[in-house]
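Below, chain A partners chain B and then partners chain C, in two separate complexes.
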Partner chain A sequence: MQIAIQLILTSLQIGAVYILFSLGLTIIFGVMRIVNFAHGHLFAVSALVVATVVSWLAARGFPVLPAYLLAVVAGVAVSMALGYVMYVFGFKYFQRDMVGSFILSIGLVLLLDGILLEIFGGAVRPVPEILPGNAEILGASVTIQRLFLCAMAILITAILYWALTKTKLGKALRAVSLDHEAAMLQGVPYNRMALAGFMIAAALAALAGALIAPISIVTPVIGADYLIKGFIAVIVGGLGSIPGAILGALFVAAIETFGGFYLDPTSATIAIFVLVIVVLLVRPKGLLGHG
Partner chain B sequence: MTKANTVKRLALGVALGLMGSVAIASAQETIKLGLSAPLSGGGAIWGKGSVFMCNRAASEINEAGGVKVGDTSYNFECVAYDNKYNAAEGTKVAQTLLNREGVKFIGGSLGTAPVKAMQSLTERQGVLLFTTAWGSSIKGPKYPLTFTQMNTPFEILPNLIPYVSEAHPEAKTLAMLNPNDASGQETEEVANKVWQDTGIEILTSDFYERGTTEFQPIATRLAALDPDIIDLGGSPPADAGAVFRELDALGWDGVKVVEVGTGADALKATGGDAVEGVYMGAAVSFAGDDISDHQREVNEEAKADIGESLNAIHIGFYDSVYALKAAMEKAQSVDPKEVAEVMPDVTFRTFYGSEIGFYGVDSYGSKQQMQLPVIVTQIQDGELVELDRVVPSGK
Partner chain C sequence: MGENLKLPYWFFGIALVLGATLLVSDPYVASVVNIVSIAALIAVSLRFVMLIGELNFATAAFVGIGAYTAGSAITILEWPFLVALVLGGIVAALVSIVFGYITLRTKGPYFLLIGFAFTEAVRIVYSKSMVLGGNSGMVGIFPPIAFDPWMPTFVMAVVALMIFGLYLLERSDFGKILTAIRDNEDVARTVGLNILFVKIACFAIASFAAGMAGSLHAVTNNVISPGDFSFLLAAFALAYVKVGGEDNIVGPLVGAVLLVVLGSYALGLGGHEHIFYGAAVILAVLLMPEGITGLLRRGRDRLMGKGKRHAA
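The block that comes next holds the complex of A and B.
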C-alpha cells in the first residue's frame, strides 16, 4: 500500500510540471495553430537565469528564499522577453502556417542552443535547496520542495482555468481557438489574441522552469526532455484542449512512474510512445480533442 | 650593368627569395589533430573541456619548439567538430575531418557510437585514431591504428569494485543503473561480471534513456529493492547526483558508487548533500599537496573556461597530443601508419605526472591502451578525495 501511495504521489509530482509545460503548448496550438519546438528553450532560459541569480545572490549573503523569489522574477521576465522577441520577429509572420512555423521553430532551437551554450556554458548549474526537509504523507516520503511545486502547479492551473472561462480575455482566446474567423467577425482582435496566447504560454513555461530549477538538472538542454513529454501529453489529450493537456500530462506521468517501477525505465519510455500510437489509432484527435 | 644582367640578377633574387620562403615554411609546418566530440547538448561539458586540453597541450608543444622530425619542426593545431554524441553526426564529423580537412591524426574522439562511425573510416583510410570510447570491440589486432586515451571499465572496475567491497564487507546486495546506449551497456557488462566475482548479489540491473531529467520513478524502484549498494555505472555525474538526491528523499542510505563517474562538480550540483560518500573511478582530485603547480594552473584555467574541474576524459585529450609527439619523434615520420607502428612502444609524460606507455595485450590482444593510473576517489565532507591510486600492471 505504501508503495502504491508513493507511486501515486510521484506521478502527481512529475505530472505537475508536465501540466504547466503542456498547457503552454496547447494554448499556442489552439490560438495560432502552430507547433513551437522552441517552447522548451523558454523553460530552459528561466531555469538557467534562476540558477544563476540565486547562486549570485546567495554568494553575496542573501538568504536563500528571498534570493530564489527575486531569481524567479528575473527568470520569468527574461523568458517572457525572449518569448516576445520570438513572437514579434518570428511567429507573428507564420500564424496558422504549420510548415513555416515548424521550420522557424527548428531554426530557433538551433540558434538558441548555441546562444545558451555560449552564455551559460555546458556545466550543470547548482541551485541551493530552497525549502529543505521531507514530509510524510500516508507513509510515503515527499520533499517539501516537490510539494511546493505541486501546490504552485495546481494554483497556476486553477488560475488559468478560471481566467479562460470567466474573463473577457479568456473567452476571446477560446473563441479564437474554436473558430478564429467567426471570432474576428464578432470583433475579437485576432492578432492581439495571438500575442496574448503566446505570452501566456511563455509565462507558463517560464514559471515551470523557475519552479523545477531547484530540483532538476539545470543545463541549456533541460527543456528537451520536458518538450518531448509535453508534446506527448497534448497529443494524447488532444491538441488545443486545456483539459486534454492536463489529462495527457497526468497519463504520461503515471505511465512513466508505474512503468518505471514495475518494468524498468527503458520499458516505461517505450510504453509512453506505445500509448501515443494507440491513442492516435483509436482517437486520432486525442482523448479530449475536438478541432 | 646591362639590361640583361639586371633581369638575371632580379630573377636570381626572386628565385632565392622563393627558395628561402619554402625553406622557412618547411621548417615550421602544421599537423592538424582532428577532434570528434560533443560540443552541444548534454555532453558539451566533456567536449568543450576536451578541446581546451588538446589546445593546451598543442600550445605547450608548439611553444617548446614543436615536434622534431628530421630537420622539420611541426606545430600541432586542434580542429574540433561537434559529433552531438550520436552516430549520425559522428559519421558526418568523420567525413568532414578526413575528407575535407585532410586530417591524418585524430587527437581524440568521444562517445562510443560516434567513435565507431569514425573508426570505420580511419582504419580504411590509414588515419591514426585516439579515442576515449570503451569496449573491447574497438581495439585489438584488427584495428592497428586505434588507441585509447583514458581508462575504460576494463581498467577501472577490477580496481574500484574490490576496493569498495573491502571497505564495506557488510554490503551483500546491489542494484545497478546505466544509460541505455553503447557506453552504458558496455560498462554494465563488465561491472556485472566483476561485482559477481566479488560475491555481491545483483538484485537488478536497469537502463535509462540519456537525457532523462526526472529520476523519481527510477529512484523509487531502486529504493524499493533496498540494496546495500547502488551502482550508477556509466551515468553522467549530473544524472547520478539527481538519482542520489531522490534516493535520499526516499530514505535510502547505503553504499553509493558511480564507477566511471568523471567529476564531483556536476554530481554535487544536482545531488547536494546526498552525494556524500559516493565512490568514483574516473574522477581526478585537484586538492592536496601532491598536485603539481602545472596541474593546478591548467585546472584553474579550465575551470574559468568551461566552468568545471578537469576530469579523466579531458585529460585524455591532453595526453594523446604528447603521445603523438613522442611517437612521431621516435618514428621520425608523420606518416600515420609509421607513427602507429611505434606508438605501442613509446613513453611520454602524462598530465597525471608520471612517465607512461601503452599496454593491453592481456585484455585486448595488443598494446593500444594508455597505461594510466586508476584513481579511486570519494566525496568526503563535500570534497573529492583521492583514496587510492593504482598503476595497472601487465603487458
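The block that comes next holds the complex of A and C.
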C-alpha cells in the first residue's frame, strides 16, 4: 500500500510538469493549428535562467527563497520574450500551416540548441535547495519542494481552466479553436487571439521550467525529454483538447512511474509508445479529440 | 509519358557524377562525397512521402533499422556484403508496412508526431540491446577490401539508381495517385482507390530507400550508434528538402549537396553545425518558401517573359 501511494505521488509530480507542458502544446495547436517543436526550448531557457540567477544571487549572500523568486521572474520574462520574438518574426506567418510551421520550429530547435549550448555550456547546473525538508503523506515521504511543485501546477491549471471557461478572453480562445472563421464572424479578433494563445502557452512552459529547476538536473537539452512526453500526452488526449491534455499527461506519467518501478525505465518508455499506438488504432484523433 | 521524362538529362547527369567520383582520391573528399550521396537519398525518401501530403519523421527510424540490419548481417551473421546491403532496405520496408498499416489511418500532426515517437522508441531499443552493442553501438562494419578504392563510386551508383527509380515512380500513374491523395483524399476514394493500401505502398517504397541509405551509412562509416539515428536526422533531411525546394525531385539533391558541403566547411571553421542548419532552415522557410529550385524557376520564367506560372 505504501509503495502504491509513493508511486501515485511520484506520478502526480511528474504528471504536474507534463500537464503544464501539454496544456501549452494543445492551446497552440487549438488556436493556430500549428505544431511547435521549439516549445521545449522555452521551458529550457526558463530553467537555465533560473538556475544561473539563483546561483549568482546565492553566491552574493542573498537568502535562497527571495533569490529563487527573483530568478523565477527573470526566467519567465526571458522565456516569454523569446516566445514573443518567435511569434512575431516566425509563427505569425505560418498560422494554420502545419507543415510550414513545423519546419520553422525544427529550424528554431536546431538554432536554439546551438545557441543555448554556446551561452550556457553543456555542464550540469546545480540549484541550491529552496524549501528544505520532507513531508509524510499517508506513510509515504515526499520532499517539500516536490509538493510545492505539485501544488503550483494544480493552482496554475485551475486558474487556466477558470480563465478559459469564465473570462471573455478564454471564451474567445475556445471559440477560435473550435471554428476560427465562425469566431471571426462573431467579431473575435483572430490575430490577437493567436498571439494571446501563443503567449499563454509560452508562459506555461516558462513556469514549468522555473518550477522544475530546483528539483532537476538543468542542462540545455532538458526540454527535449519533456517535449516528447508532452506531445505523446496530447496525441493520446487529442490535439486541441484541454481535458484531453490533462488526461494524457497523467496517463503518460502513471505508465512511466509504475512501469519504471515494476519493470525498468526502458520498458516503461516502450509501454508508453505501445499505449499511443493502441489509442490511435481505436481513436485516430485521440481520446477526447474532435478536430 | 515517355517524352516528358527528360531521360537524356538523367543519364548524362548520372554519368557525370559517377565519372567525377572516379577522380576522388583524397579520403576526406571521399567521405564528404559519401555523406552527400546518402543525405540526398534520405532527403528524396522523405520527399516521396510528402507526395501524399505527410511529413514522415519515422524516416530516421528506418535509416537506423537499415543500418543496424546491414551491420548485424555483416558483423554477426557474416553474410555477403551485397546481400547485407539490400537486406537493410528490405527489413526497413517490412517494418514500415506494419508500422504504416497502423499509423497511416491517422493524418497530419498525428502521423508526424507518432513517427517522431517511433524514432525515439526504436533508438531506445538499440541502446538497450546488448547484441547491437548498446549505447556504444556496433563497430567494424567493413565492406570487402576489393570495394575500398571504389566506395564513393559504388555508393553514388546505388544512390543514383534508387533516386532514378523513385523519380520514375513519381512520374508514373502511381505517382499521380499519390498527388491525388495529397490534393483531396476523399475525391481519390470516390473513384474506387484503396487509399490506405496506396499510402502503405508509398510509405514502404520510401522506407526501402531510407533503409538502403542506412545500409550505405553503416558500410561507409564502419561504426554506428543509436545517437546517429535521432529525429535530428529527419530534421536535417527536411532542411535539404526545404532549402532545395520540394516541388521537384532535383530540389532535395540541390539542398543536400549545398548544405552538406557548406556544413562540413562550417565545421572546419569551428562553427556549430546545429546553428548553421537551424539558420538555413529558418531563412529558407521565411524567405524562399519554394526553395532554391523554386527561385531559379521563377527567375527563368521572368527572364523568358512567361509571367506567373500556374500552381501545379
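Everything below uses one rule, namely that the second predicted complex is superposed on the first by the 291 of 291 C-alpha atoms of A that agree within 3 Å, B and C clash if a C-alpha of one lies under 4 Å from a C-alpha of the other, contacts with A are read in each partner's own complex, and residues count from 1 in each chain.
We take it that contacts are C-beta pairs under 8 Å (C-beta built on N, C-alpha and C of every residue); 3 or more make two chains touch, one makes a residue touch a chain.
Nothing here was measured: the structure is a model prediction, and the numbers come from that model.
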item: Joint occupancy of chain A by chain B and chain C, clash or fit; value: clash
item: Touched partner set for A:D113, first chain B, second chain C, both or neither; value: both
item: Partner chain in contact with A:V35 - chain B first, chain C second, else both or neither; value: second
item: Contacts of A:I103 with chain B and chain C, given as first, second, both or neither; value: second
item: First (chain B), second (chain C), both or neither touched by A:I232; value: second
item: Which superposed partner A:F261 touches (first chain B, second chain C, both, neither); value: first
item: Chain B versus chain C as contact partner of A:A47, first or second or both or neither; value: neither
item: Which of chain B and chain C A:V76 touches, first, second, both or neither; value: neither
item: Touched partner set for A:P284, first chain B, second chain C, both or neither; value: second
item: Which of chain B and chain C A:G90 touches, first, second, both or neither; value: second
item: Stretch of chain C, among 217-225, 235-243 or 271-279, that runs into chain B once the two complexes are superposed; value: 217-225
item: Chain C-contacting residues of chain A that also contact chain B; value: 113-114, 117, 266, 269
item: Chain C-facing residues of chain A, complex; value: 29, 35, 89-90, 93-94, 98-100, 102-104, 106-115, 117-118, 228, 231-232, 235, 239, 266, 269-270, 273, 276-277, 280-281, 284-286
item: Interface residues, chain B side, partner chain A - complex; value: 39-45, 47-48, 177, 180, 204, 206-209, 211-214, 216-218, 220-221, 224, 237-239, 241-242, 245, 249-251, 265-266, 268-270, 272, 306-308
item: List of chain A residues in touch with chain B within their complex; value: 3, 6-7, 10, 13-14, 17, 113-114, 117, 121-126, 128-129, 134, 141-143, 146, 215-222, 224-226, 256-257, 259-261, 264-266, 268-269
item: Contact footprint of chain A on chain C as seen in their complex; value: 55, 102-103, 105-110, 112-114, 116-118, 120-121, 124-125, 128, 232, 235, 238-239, 242, 272-282, 284-286, 289
